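Each of the next two complexes has subunit A plus one more chain, namely subunit B in the first and subunit C in the second.
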Partner chain A sequence: MTTFSTIQSIQDAWDLRKGALRESGRQTVERRERAVNSALVHGLPNTRDEEWKYTSLRPLIDRQFDLIEGLRHAMAPVDGDVVAVVNARLAPGAIPIVFVNGRLDLSWAGSEDLDSDFFRTLDEAESEEDSTFWDEWQSVQGMDHIFAGINAGLAHEGVVLRLNPSQILRKPIHIIHLATKELSNAARINRVVISVPVGASLKVYEEFISMDDGTFKPKVGEWTNSLTQLKVGPDAYCGYFRILSSVDSFHTGSVTAVLDRGSRLETFSLAAGSRFARINIDVKFTAPGAECILDGLYLVQGDEHVDHHTTVDHTVGNCKTFQLYKGILADKGRAVFNGKIYLRKDAQGSEAYQSNKNLMLSSEAEVDTKPQLEIDANDVKATHGAAIGSINPAELFYLRSRCIGEAEATAMLCLGFAEDCVMKVKDVPARNLLKLRVHEWFADFVATHELLKKENK
Partner chain B sequence: MLEIKNLHASVDGKEILSGLSLKVNAGEVHAIMGPNGSGKSTLSKVLAGHPDYAVTSGQVEFEVNLRMKNVFDMAPEERARNGIFLAFQYPVEIPGVPNSAFLKASYNAICKHQGAKEASEESFQKILIEKCKLLNMDEKFIDREVNVAFSGGEKKRNEILQMAVIQPRLAFLDETDSGLDVDSLRIVGEGVNKLRKKDNAVVLVTHYQRILNYIVPDFVHVLYKGRIIKTGGKELALEIEANGYDQILKNFQN
Partner chain C sequence: MADIVKENLTDREYKYGFETVIETDCFPMGLSEDVVNKIADKRNDPQFVRDFRLKAYRYWLTLKEPTWADVRHPKIDFQGIRYYSAPKSKPDGASGPASLADIDPELIETFNKLGIPLGEQKRLTGVAIDVVFDSVSVGTSHQEELAAAGVIFCSLTEAIHKHPEIVEKYLGTVVPYKDNYYAALNSAVFTDGSFVYIPKGVRCPLDLSTYFRINAKETGQFERTLIVAEAGSYVSYLEGCTAPMRDENQLHAAVVELITHDSAEIKYSTVQNWYAGDKEGRGGIYNFVTKRGLCQGANSKISWTQVESGSSITWKYPSVILKGDNSSGEFYSVALTNNRMQADTGTKMVHIGKNTSSRIISKGISCDQSRNTYRGQVKIFPSAENARNFSQCDSMLVGDQCTANTHPYIEVKNKSAIVEHEATTSKISGDQIFYMKSRGVDEEGAVSLLLHGFCKDVFKTLPLEFSIEAVKLLEMKLEGSVG
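Right, the complex of A and B next:
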């Protein structure tokens, strides 16, 4: 299939979607149509495009995902024990919001925890809110990415969470996007909109998983196009912890965040399984005194490809950014890290610390890293750096000299390298959830890699 | 239990050990002293199996199950499991790995080697707390990442904690006393003493006599240019402390 026909299929899907959307009102249709049109105006990007230099969309295009089929699945019932899979994944004490094949399953969300005060479906919010509301979400940094635009136009379903001022939600919200085999070769497109207004506090886990019947390793081969938007008001806190672990998936994810005066945003992006993933995270400071933690970990094996593109825009003074991304690459895995931090001329008194560290376990693995600081202000503190290395021989010898076999020692060092950044997550339940997912990934990784298999004497 | 015969070893093609011989029996304490660059640390590392050090000739045998075995036939972890322990001069920091997980992996590797049942999380925690008490160490050691943000003294004490968990038959302490304040020195010295048994041995590699006040040696060896040039009792250490190496080296060169 050519690039052109991919675009054609997006257009076709939109034409079909349009009909179903008529009920939501003319405004919604027009707004969505604008989003689709502006996303597609330049066509699909290719590797000549600086932003896509190391990530070719060819695997996604070649797979000929059926967007129309995807829509149909969003409406269809599902085989298999979804309840058991979701229950096994749900973080203890969290409020569940579950999407199955792109369809919001309200039987989970209907619990008393989700009072209608702050929870609405995308449909509800689209028919209730006027165009100013939506224009505001549409105009933020990051919405010009093609996949964010496609999502804004085509999103099947979604949720809008809007806390009240000073509302502190102690329980985390756990959004689970589950794909089942019914979604093979089809796409799900979901949007999550989160507003944490002045003085409020919210923690969200967003997790992308898949299942099929019987086999341990899920192989569904779905395409997920997600869009998550965060608005953090004055002196508010938002924790956003993202987990991608769907072994055979194709994933294009966009996250946008806008931070107001004195607010704090803590984010972590864990990519622990995806055949092809491109994740864009865009953060913008709009008033002084805000702080952003932007951490992540990618665990890449087989012939997986995981690309993180992040942007933090300091347009105002006295804000802080702390960014640490780590990656472990095995086999023929490929990863891309591109982190831009802009300290504009009015960003005096800002601080930005950026670091990307990669552990290579195979000579055939590849990482393309580009930490990037652009500084136009003179009174700022900023550092950035990238490191690519293999297992440290001094560390390995130290462990071996303490009776630990070479394979087990290597596995311990890999896990330590990964956990080092997970342990920096300040929120304890979030840290535990991320740790658990990293451990799950490792258990499987160790079992399938000779290099790490414990000797059996 | 340990017999080193005419050992030659080099690093980056440069010979550091040039015909070193040494015999250590169970229950003994040896001190190895010598000027900088004489090969003290090289000896420790060669025994532990550090990959950067190449043995060019000579023999090192260690008693395993009442039979002398060639140490060079064993990987570093096998040497450790059979009872050779090296306390590092510069303990390595390992970010992301908790001390408890590290120590548990060590402990269980030995259990497995000896055909014993591996310890559960709970029972190992008990063992660790017991060891900390024995060595007068803060239990907070257990939860921290291996040597990360440890002070110099804490790193050295952590080495002794590892020794307490592993319970080696032969402990090689490579300048474990360097950089310690008096209190840490006492804790380390007393800790090593508490771990001594009649069937294990300790070799102290040191620049200073002061640790020998705590751990009293049966033999003191002077290492120079990769060989032991003089052996004496504990009074030799006092002599070196008072007069330096000059006289000994002069006698040797004559």
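Right, the complex of A and C next:
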């Protein structure tokens, strides 16, 4: 049994996976085994676990995804529809890295810009047996999280981006994970490892999309389990912009980041479509003077469930964290936000600001938020806030008095609410990409909700 | 600067740390069904109370000690505690003293030391007091005046015998014995506590007050307070607590239940100053208390105010269930921790009725190696149309060894709700001190002023008598000798 259901099934999947890894060398097998073991040591989480209080794994387990099925088949050739969908999504000027159903497709137009100087596949990088490089990733905070562990152990394919010192990559890298309706019971498990060393600069967009746009009945929903690891060296910059827009899919994503002296990490997590999503983002400061921007936006409708868990660990002094997460909830949507910021004893002189704001459009929706500050140092500035509310009737009235329909007016107000946080993204191309995705979601939202109104009449 | 502040906060000894030598009637250590039955025998419990105890005890046996709170302590040996201890005032020792004259003079002396006006001659203070010494209520003052208004204010034991119908109706309705580990334990072994019943439309003429004192060694105190406010009534209830200084930890697991009917209001204030242990964290009270109010009727209100300055571990969440439409709940708290104290405290506001509102103001001050955690939950049910909540949690850190955590849980299931939470962390900055010094305020005064300013929102909600006590208490902890 290698369907995701119990600890044993994950263990079984690993035992099978191990065989295929022999070529990559003994160290790879051992390392991956450690990852699986450390993640499984606490068992499969349930809602009695504080970290999983509001998110039950039941829907994921019920779908009976197979953990290694995806590797059993040779990669299917991509058809014209797939090419069109991906190309339509690609950000202009970006270097594409495309995963189709969990398999890396390097034949994509534009992928030739992936210089072997900084790019390798996970297989290549692992067989190089650069153990110090890999051990660093192993011990990173957030890796004991169950889905990070499953990924680190079972990852089917992946990429390693390792810039050279002071290398500035002008073109952004656009990683697209596409799920089609083939192999719908196979889990897609991909890992992305990014190392931006001293003085280097890199921007990455990572996007999860699915071909199953809800028009296929019955809706199946694929599962993508991703692990993205970022290491930002001294005085380096990394921009990491994450977009989840795969309607009806299951998604478990883990992001870990380690920040060195004077580095900057800018992240944005946009969740605009997923039946079930759990996203863990763990950031750790290891040297003073670093800064982290950790923003996000979740747009939840239908019966979607989106859960963000973020952790920022200030273990050293004089670092800064700015976090703003916003969310819009419609229909029976449910969102969970848990943001932890630790300011440890040695984190004197640090600053941390966290805010979570939610707009509820329906009484059937639910939001569970838990901003959390843990402070062991006295010379710090730390605040957090959370707010939940609905559309201000006065604002709605103002727009309606100008002949704007209720759904559109609501969408306009929501859009204003949502854009506020997208506009904070300093990198213009990234901001434009995020804005575009938000607008696409809203266009769809307005259309479906207008439609519902007409049907009711 | 930090050193001075720290000195201010730590170098005051615990004033209430004396022990009174009084003959007590104690049970041997340990807990069993037999002990529960013996407590029931001793207190001459009617059948419904005995059944309640036994059900609770059997349920408690099935439970595991909870571990989710952010507190660290060695495992509590529940068999190493005496579950009953009472001052011997009468040869039979079975029920409470008949009148104040029956009370051991030694005991009266104790309360005089504590500054509790137990004697009737202190009528002018205008507060009716029930005193719970170890596990038993030893005297309630101002009975006639309260009786004239129809208010029942007595020990729970007395209430169980004199007004069994009211007790049976409400006991365990707000905090059922299945609620949690310590509530189950309390339900099994509770010995006494206060009982208040305010009839319809009555505004209680006096502030009611209970003073809790743990005296005997190796005992736990398990009191239970029940306050019922009928439609349109009002009561302000105050609670204070102290304990002797000892090297061992003592357990205090109380349950407080409040019920308000239509348009009734209960204002419940606590100044908690149990012995907090010494500088190295030896001794002190484990204060694991379940306090909950139920706004049963429409337009009712429950307000909790607490000043937590004692106990080696405080673990409590005075909560309000806002069931009646338009009902409101308030929670004001100042929690001061120093030395190695740990406090995990906050509130729960459960909005069920329409147009319900709640307000949470929590101020945490942590010094030395203490841990101060705010943990609060705001829950809006789908039925709670137009619910409103505002929470503010501020922490102040004094010294670089302490910890301040904030864990707000916000769960909203209705779109018309407006919920806000904000939290800040600060320290007393050199700039602020400098500013005040430049205006002629000395350093000690400046620190004191800043702390008072920080806690003002909470202190102003306390009744006058308690407000003075609370300010004194903080001053006692804060204003040491400044070099």
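Methods note: the second predicted complex is superposed on the first by the 413 of 457 C-alpha atoms of A that agree within 3 Å, B and C clash if a C-alpha of one lies under 4 Å from a C-alpha of the other, contacts with A are read in each partner's own complex, and residues count from 1 in each chain.
As a convention for this text, contacts are C-beta pairs under 8 Å (C-beta built on N, C-alpha and C of every residue); 3 or more make two chains touch, one makes a residue touch a chain.
All values derive from a computational prediction rather than experimental measurement.
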Partner chain(s) touched by A:C403 [first = subunit B, second = subunit C, both, neither]: first
Partner chain(s) touched by A:T121 [first = subunit B, second = subunit C, both, neither]: neither
First, second, both or neither for A:Q27, with subunit B first and subunit C second: neither
Touched partner set for A:Q167, first subunit B, second subunit C, both or neither: neither
Which superposed partner A:D420 touches (first subunit B, second subunit C, both, neither): first
Partner contacting more residues of subunit A (subunit B vs subunit C): C
Partner chain(s) touched by A:P393 [first = subunit B, second = subunit C, both, neither]: first
Touching partner for A:M412 - first (subunit B), second (subunit C), both, neither: first
Of all residues in subunit B, those that touch subunit A in their complex: 48-51, 75-77, 79-81, 85-86, 88, 91-92, 94-97, 101-102, 105-106, 109-110, 112-113, 145, 162, 166
Residues of subunit A defined as touching subunit B within the complex: 393-395, 397-406, 408-409, 412-413, 415-421, 423, 457
Parts of subunit C lying in touch with subunit A, wherever the complex brings them together: 2, 68, 382, 395, 397-425, 427
Contact set on subunit A toward subunit C in their complex: 50, 54, 329, 345, 348, 358, 360-390
